[in-house]
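Each structure below is given as structure tokens.
In the two complexes below, chain A is the common chain; its partner is chain B in one and chain C in the other.
Coming up: the complex of A and B.
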């Protein structure tokens, strides 16, 4: 009887939570629409679109970092696969952008399946270093397979890129497409994190031995997380093509991954939306403050060090701490 | 002890030998733990108790010898598969998921019994909801049993050590295991916590086989029907806890090195 009452109370809490989430989604959609319509400066809107694309990359990194606790320095490999896949698809094979992107996502997932079998035997720094090494291989390959990748000069001069009726050359359209994809991705990843698979990932990250003892196939979970992360990185890479209009072997540069990692650390790895906050900070703040690129590096490096020292959970953790201070709430659950 | 024990051994080991390089950690250990029994493994530090334990539950592969769990040879079976067949184990260190709440810890413990994917979560399928409901009532049962109903939304890492050990038992209980391996479950507990803990183990013992590695002889004496004494990797005796103290080699090797 008591259990039943508690259950129905829990039901109510769950449905309340659902309503709140629906409200958040509506707010996000409203925010996207308002931003897209309010800002007319094509540069700002295009940059916002690119930020959404890169936020997908940060999300991909966080599937590994926040999900199973490895630092995926090689994640730009999948970003590059997405960029090259889209570029080759539309530029060389004459496919539509959508088909090229889907093909690139599938290819990225297949590559992740093969690479994961090898690299995921390693953990910690060894995993990071070997993944990084593979991006070097990809960079050399991209620079030398002239007839496919255009060699060191890369691929450029694409036909107009469209998604359905939308011309991605139009800043507004580009922003709406990337923002919508980002929103759907966030919702999907929230569902993943709350699913039994998400619970298994978190148990592996926190304590692989105990996870194994409760029946989690640790190797399989890590592999699945890796395969899940790859298409998101590829999607980010593909969606950045309409912005960059050129794809060179430099997409495989580890600096690319480091940018994504900084976004994750800045926003906080614990929360699905953390990396998105980080991505927004990372691109928009220097823009608004009109920072010199060198000053930007300096400012963000110092900021990362400060955040890691004072709030390892990222900006989001600072927000939660403040909220709890105000609400005088202790032991708040900020894992979700 | 007036417990009714089954005929078939739940856990049986034959001539277990484990060598690490030139060091023999275990040498010729055999045992049969009967269904429904609470079985203790004791011995001084470095005697090979933990190695034996890891071998019995399939985490470590022995150099030679065989282990059967519920009649099934476990050689070559990955430890997560063994866990799924109704074998739970707790760890001495890092016994809980410290960054998660008590409730989430129990959620992670149900992994074995909850077979739904991401799509089930998104679509909210009927079977998903039904399993979620039965899971929630299981959570309440376990929370009451381990006495943590009031702490469900606290982070496991901030709980007192003895409370964390109870939570560890709770995680193991989520899958309703047939066999439980408890690695020094009462280590570091104060007197009151130990008493509560013994009561908890007694409460969960019916219908389960429990193996305990333990340093605290008082715990073994109060809980176990029989105990194996391991000294320097060799089995000395299997007998009732009160009887093992009569063996001179046990007294000299085990108790001689202990303060109590």
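Coming up: the complex of A and C.
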């Protein structure tokens, strides 16, 4: 009887949660629409679009950092593959943007499969160092393979980029496309996190030995997470092309990964939308305060050090601690 | 034949420079137990300190120990403020992210203070070269080689012969055992960190006249250092030296006989 009541209460709570989530999604979609229509300044709207694209990259980093608990310093490799894939596809091969992006995503996933076999044997600092080293290899390759990548000067001068009927040269269209893709990606990643695979990733991060002991194939989960993260980074890279209008070997620069990593750490790695919050802060705050990019890096790096020393879960953890503290009183009443 | 010998010598000289960077890195990894991603930033600080001092008219040879002192000071400060507090976390990603962010912060600060452009450091050795049985070595490179050998030998001797050195080795082998036998482990860890970054600073000051200095000069050094350290086995000092020489020679051979523009592939630079 009691169990039944509890079950029905749980059902109710779950359906309540569903409703709340649907409400959040509607709010997000409404927010995107309102923002896109309310702001007409092309600079602001384009920047917002680029922020959405880069937030995808932060999400990709967070699949590794918040998912399996490694620091992916080489994630810009896939970002670069996405950028070059889109640029080569539309610039050299004359494909449509969508086809080029899909091809780049598939290529990134295949690369991740191959690279993962090598690098995922390593953990901790070794993994980070080797994957960072691989981006160096990619940068040298991009600078030397003149006939494919345009060499050190890179690729530029693309034909107008379109997605279906939308011209990505138009700031509003660019923003709507990137924001929609970001929203869909977030929903997808939330679903992944709730799936058995998400639980397995959690167990691998928290304690790989215990995970193996209860029957989780640790190596397989890590490989799958790595292959899942790569297409998101490539998508971010491809979607940043309409903004940057040029792709140089510098996309493989570790500074790109650092920006993404800072976004993830700012927002908190535990939450799926943490990186998105981080990305918004990372681009909007310096823009509003008119900061020099180096001041930005200095300020945010110092902030990361402080966060890691005081609250390793990021700003999200501070929020949760506050909420728990406020909620504790209610809980105590409930149990009595 | 002559070309081959010349290339080998170039490689050994290059490797000697790498060895100083890598030994610092491996010392920190072995004793403090962290992969110091801020190592390259301390390398750059060494270079910039040397630049500032030589600009003020200090002789280059005097400027080297002084810039090492500057790095020691900054290293001690970071150890005291940041490292000590961020190490006790249980996750291995914590120290990695902290050192990485620290490196980023230092590089950004250097760009803000000195600007992003390369700056020259002049050495009194200038462009003069030494000639020895048909092999050319610039005096500056020969000086780097001698300095590296001296410093590495002194470090090895200190670790082997002195009480403090033995304590450092004890902490590397078994921190808990060292603690139980009355060794001040936190202090030894601080010492190892400071020594490690001092080595990076020394390398920065030594290499500055050859490569000019720029804020991101540390990234290349860091990647090379890690390559060497992984090759030699993390935490092993003789391994780091051997690895550095190997990488240096391999690099020089590749540069001479295959391709200059593809050479960074080796070290992922």
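To be clear about the criterion, the second predicted complex is superposed on the first by the 319 of 336 C-alpha atoms of A that agree within 3 Å, B and C clash if a C-alpha of one lies under 4 Å from a C-alpha of the other, contacts with A are read in each partner's own complex, and residues count from 1 in each chain.
Everything that follows uses one rule, which is that a contact is a pair of C-beta atoms (placed from the backbone, for glycine too) under 8 Å apart; a residue touches a chain by one contact, two chains touch by 3 or more.
What you are looking at is a predicted structure, and each value in this text was computed from that prediction instead of being measured.
A.B. asks: Based on the shared chain A superposition, would you classify chain B and chain C as clashing or fitting together?
C.D. replies: With chain A as the common anchor, chain B and chain C both fit in the superposed model.
A.B. asks: According to the stated criteria, A:305 is in contact with first (chain B), second (chain C), both, or neither; which is it?
C.D. replies: Touch partner of A:305: chain C, not chain B.
A.B. asks: After superposition on the shared chain, which partner residues are touched by A:129: those of chain B (first), chain C (second), both, or neither?
C.D. replies: Touch status of A:129: second partner only.
A.B. asks: Quick one: classify A:202 as touching chain B (first), chain C (second), both or neither.
C.D. replies: Only chain B; A:202 stays clear of chain C.
A.B. asks: For A:192, select first, second, both or neither according to whether it touches chain B, chain C, the two together, or no partner.
C.D. replies: Touch partner of A:192: chain B, not chain C.
A.B. asks: For A:212 in the superposed arrangement: first (chain B), second (chain C), both or neither?
C.D. replies: First partner only, chain B.
A.B. asks: What is the contact status of A:184 with respect to chain B (first) and chain C (second): first, second, both, or neither?
C.D. replies: neither
A.B. asks: Of chain B and chain C, which one touches more residues of chain A?
C.D. replies: C
A.B. asks: For the combined three-chain view, what is the angle at the C-alpha centre of chain A formed with the C-alpha centres of chain B and chain C, to the nearest 10°?
C.D. replies: Superposed on A, the angle at chain A reads 80 degrees.
A.B. asks: Rounded to a whole Å, what is the shortest Cα gap between chain B and chain C in the overlaid structures?
C.D. replies: Least C-alpha distance: 12 Å.
A.B. asks: What does chain B use to touch chain A in their complex?
C.D. replies: 59, 78-80, 83-84, 88-91, 94-101, 104, 107-112, 114-118, 120-122, 133, 136-137, 140-141, 153-155, 158, 171-172, 174-175
A.B. asks: Report the residues of chain C in contact with chain A in the complex, numbered from low to high.
C.D. replies: Residue list for chain C touching chain A: 29, 34-35, 37, 82, 85-86, 89, 91-94, 96-98, 100-102, 104-105, 107-109, 111-112, 219, 223, 226-227, 230, 234, 261-262, 264-265, 267-269.
A.B. asks: Help me check something: in the complex, which residues belonging to chain A touch chain C?
C.D. replies: So the residues of chain A in touch with chain C come to 65, 69-71, 73, 123-126, 128-130, 132-137, 140-141, 143-144, 254, 258, 261-262, 265, 292, 294-295, 297-298, 301-302, 304-305, 308-309, 312.
A.B. asks: If you look only at chain A, which of its residues touch chain B in the complex?
C.D. replies: Where chain A meets chain B, its residues are 3, 6-7, 10, 188, 191-192, 194-200, 202-203, 206-207, 209-218, 331, 333, 335.
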